[in-house]
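Chains here go by letter, A, B and C, matching the order in which they are written, and residues are numbered from 1 within each.
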């Protein structure tokens, strides 16, 4: 039985965890010193963004036990918010009358739709890129959790919501760009500084956002609210009878997770230089779950590194189409195996190893080897 | 005289089966009340009704002047009702310490807890409590690693940490050794007076140890009420228990 | 009047296909509590099975049905033994694992059978048309309807009139107790899963002549089938039939009234609302504790 790694154990361990997180972030910031190729840096920035989404999922899934199969929804909404602003920034090149985006001109749209208008302001877009996913998550969370829907049904509802959003975006081509998404974007300008997707600046922007959100989420998990989320994951009813409003806590987890995913989505648009319905399709959502599971759903850092590693491997191997198919097959197999034998992913493996090592070194608790294990997953079936 | 906890004419049916049928129960402040009765008498359902786990089809549950029957569970808990379940329920993946931290629920709001560290102000009280139930050595151990008896104790400790005014215990001594049962009785006796307690139990030895007044339930109704002696001489009660274990024989 | 009969027939036809796909899912979900996300891929396997039987052995569709049933059923048996049985206590992980299996199946088929569309020929015997109440209906649709009705009766018989069915229902009620009375719960579950998978395979083979066969075809079916199961309620075979009929009629008229995408979105929204308010299905009851 793997030890639950999210259980906080002593202040020493908290300090160790903090140091580990900080070291990984520092390493991420040091990468551009070793990599001069802007093309590669763009790629790495992409992986970091995906790491962010997986980390966000680990918060809701690993800590609060909410399996959100629609994580790509927040991600996609964020990316579209950013793309809308950057599209409106390209007016001189791709223009119709009134600076109408080109795909609207092709679809015979006469005037800019009302919900596009505020996106002339980059500040509004950035705000919306976080606020819209959070709002959607809150409404969805309210709808699901106030109704005491739990477990698999949460997964099904979030998945169905994602598919509906995807269908609508593809269907409403005149306003969303449909299948093609929103392409030919301007570069993001903030405070007079322009972020070229293929440059160190964008990489650092992504790295900074990643670090901030990683530590924000870490702080959340170390707060009392974070502890209550973990308690909810274990036994929701028990928590309720202590007087905590379980639905409100679950909404919190979903909303914070959506905020981080929305931010990641915005960065993804900046890095990829387009937004597309594939950013909120089911296969991306599944990939996020896979990364999170393989890295370790109960560890923010594990989930993030899992995403970076797997997406990185996939990127490196995806030169040929046939190879990609094989890769997906292998990935599926790895995923099923991890679900079966490593519920806490690679992070769980590492943590269990570390605990065993520490126990061997200290061996101050002689009972440890013979404590009774109740309700082991499935091994006690004859 | 107004009762601290008053159940009036409660009815619940599951699938057409009347689990509780016109139950009336009145318990005064600081009292320890034992609820006994044959299997299926509706004892656990009665506790479920008080803490909001089950909703009554009709009737009222009044506690400290408030009507509970339509309140949400967490609000009932905030109103001062704590509950121990028949199947011990603790947070299995969390350490014993974290279990206790969660149970110390002065502040229940999302934003209040967001700004508090997980390891907090429980500090000394928490360790005293762990020591009291014999789990001081296991503070950093995940609750999943505890034995069945230890899990029972942990849940009792959680209730003590929660410090509710009204405590509902559903078969607290199930699976406990003789010694542990004595200790549980001791805890109950100490809580008496400060807390109002309702205990559902089968173990008559335990009931004798702690109970002042005993309520006997049968077929979803109150059958008799009184001291152990009164109840065990009650003719109807003897009749109901005849053929099962017989009251008094634990 | 003709128009309504025409609509009714379309609805019945859609409904029977829905039931065909949903039946296996309903049995697996209803008795084992497993939401099999790979069910669509089992359907797809069945379709490819029919295609392969024809392409490599020159077998007609009707002749290959038995092989498809046994083949996909055996595959389901292997999946249950190899993966699912370890996850009965972790329902969320079952979703993930079966999803992963689904992805693997899609990729494997794409690798070995190619990603291009395949076609399965309709049996010439059934390619004509039949007149029902004055409406011209393709004979193959009538055949599917009758076949599904027969399949349903067989399933019902299996569940409620055989000792296997009794044992299955015992295990569903209380696994431990059933095992104490000598029921081999593991075997019962494996066979149930295999049977459900076999049904999915049959569904795939039977719809193959109506639609083109591709590695992605399963996704379209599994959503609708899942809705049928949720609507019908767990452990209610007749509920499944009723909801398949209802949905068949609904999607028949929806497709008539709205565009395809919007119809799909509406169906999904209906699923969401239904799960939120009646996760136990439309015919559930309040149970003690």
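One rule holds for everything that comes next: contacts are C-beta pairs under 8 Å (C-beta built on N, C-alpha and C of every residue); 3 or more make two chains touch, one makes a residue touch a chain.
The shown structure was predicted, so the numbers you read here are calculated from the model rather than taken from an experiment.
Participant: Determine, using the mean of C-alpha atoms as each chain's centre, which chain is farthest from chain C.
Facilitator: Most remote chain from chain C, centroid-wise, comes out as B.
Participant: In terms of CA centres, which chain lies closest to the overall middle?
Facilitator: Chain closest to the assembly's C-alpha mean: A.
Participant: I'd like the Å distance between the centres of chain B and chain C, where a centre is the mean of that chain's Cα atoms.
Facilitator: Result: the chain centres lie 47 Å from each other.
Participant: Roughly how far is chain A from chain C, centre to centre by C-alpha average, rounded to an integer in Å?
Facilitator: It comes to 33 Å between the two C-alpha centres.
Participant: If you average the CA atoms of chain A and of chain B, how many Å lie between those two points?
Facilitator: 42
Participant: Can you list every residue of chain B that touches 2 or more other chains, as numbers and ranges?
Facilitator: Chain B, residues with two or more chain partners: not present.
Participant: Among all residues of chain A, which ones touch two or more of the remaining chains?
Facilitator: Expected reply: no residues.
Participant: Spell out the residues on chain B that touch chain A in their complex, using ranges where they run on.
Facilitator: By the definition above, chain B touches chain A via 51, 53, 73-75, 77-78, 82-83, 85, 89-95, 98-99, 101-103, 105, 107-110, 113-120, 137, 140-142, 144-148, 151, 158, 162.
Participant: If you look only at chain A, which of its residues touch chain B in the complex?
Facilitator: Within the complex, chain A contacts chain B at residues 1, 3-4, 6-11, 220, 222-228, 230-231, 233-235, 237-246, 248-249, 252, 365, 367, 371-375.
Participant: Within the complex, which stretch of chain A touches chain C?
Facilitator: Residues 67, 143-144, 147, 149, 151-153, 155-157, 160-161, 163-164, 167-168, 170-171, 286, 289-290, 293, 322, 325-326, 328-329, 331-333, 335-336, 339-340, 343, 377-378, 381-382 of chain A touch chain C in their complex.
Participant: Quick check on the complex: what are the chain C residues that touch chain A?
Facilitator: Interface residues on chain C, with respect to chain A: 35, 83, 85-93, 95-97, 99-101, 103-104, 107-108, 110-111, 179, 186, 223, 226, 259, 261-262, 264-265, 268-269, 271-272, 275-277, 279.
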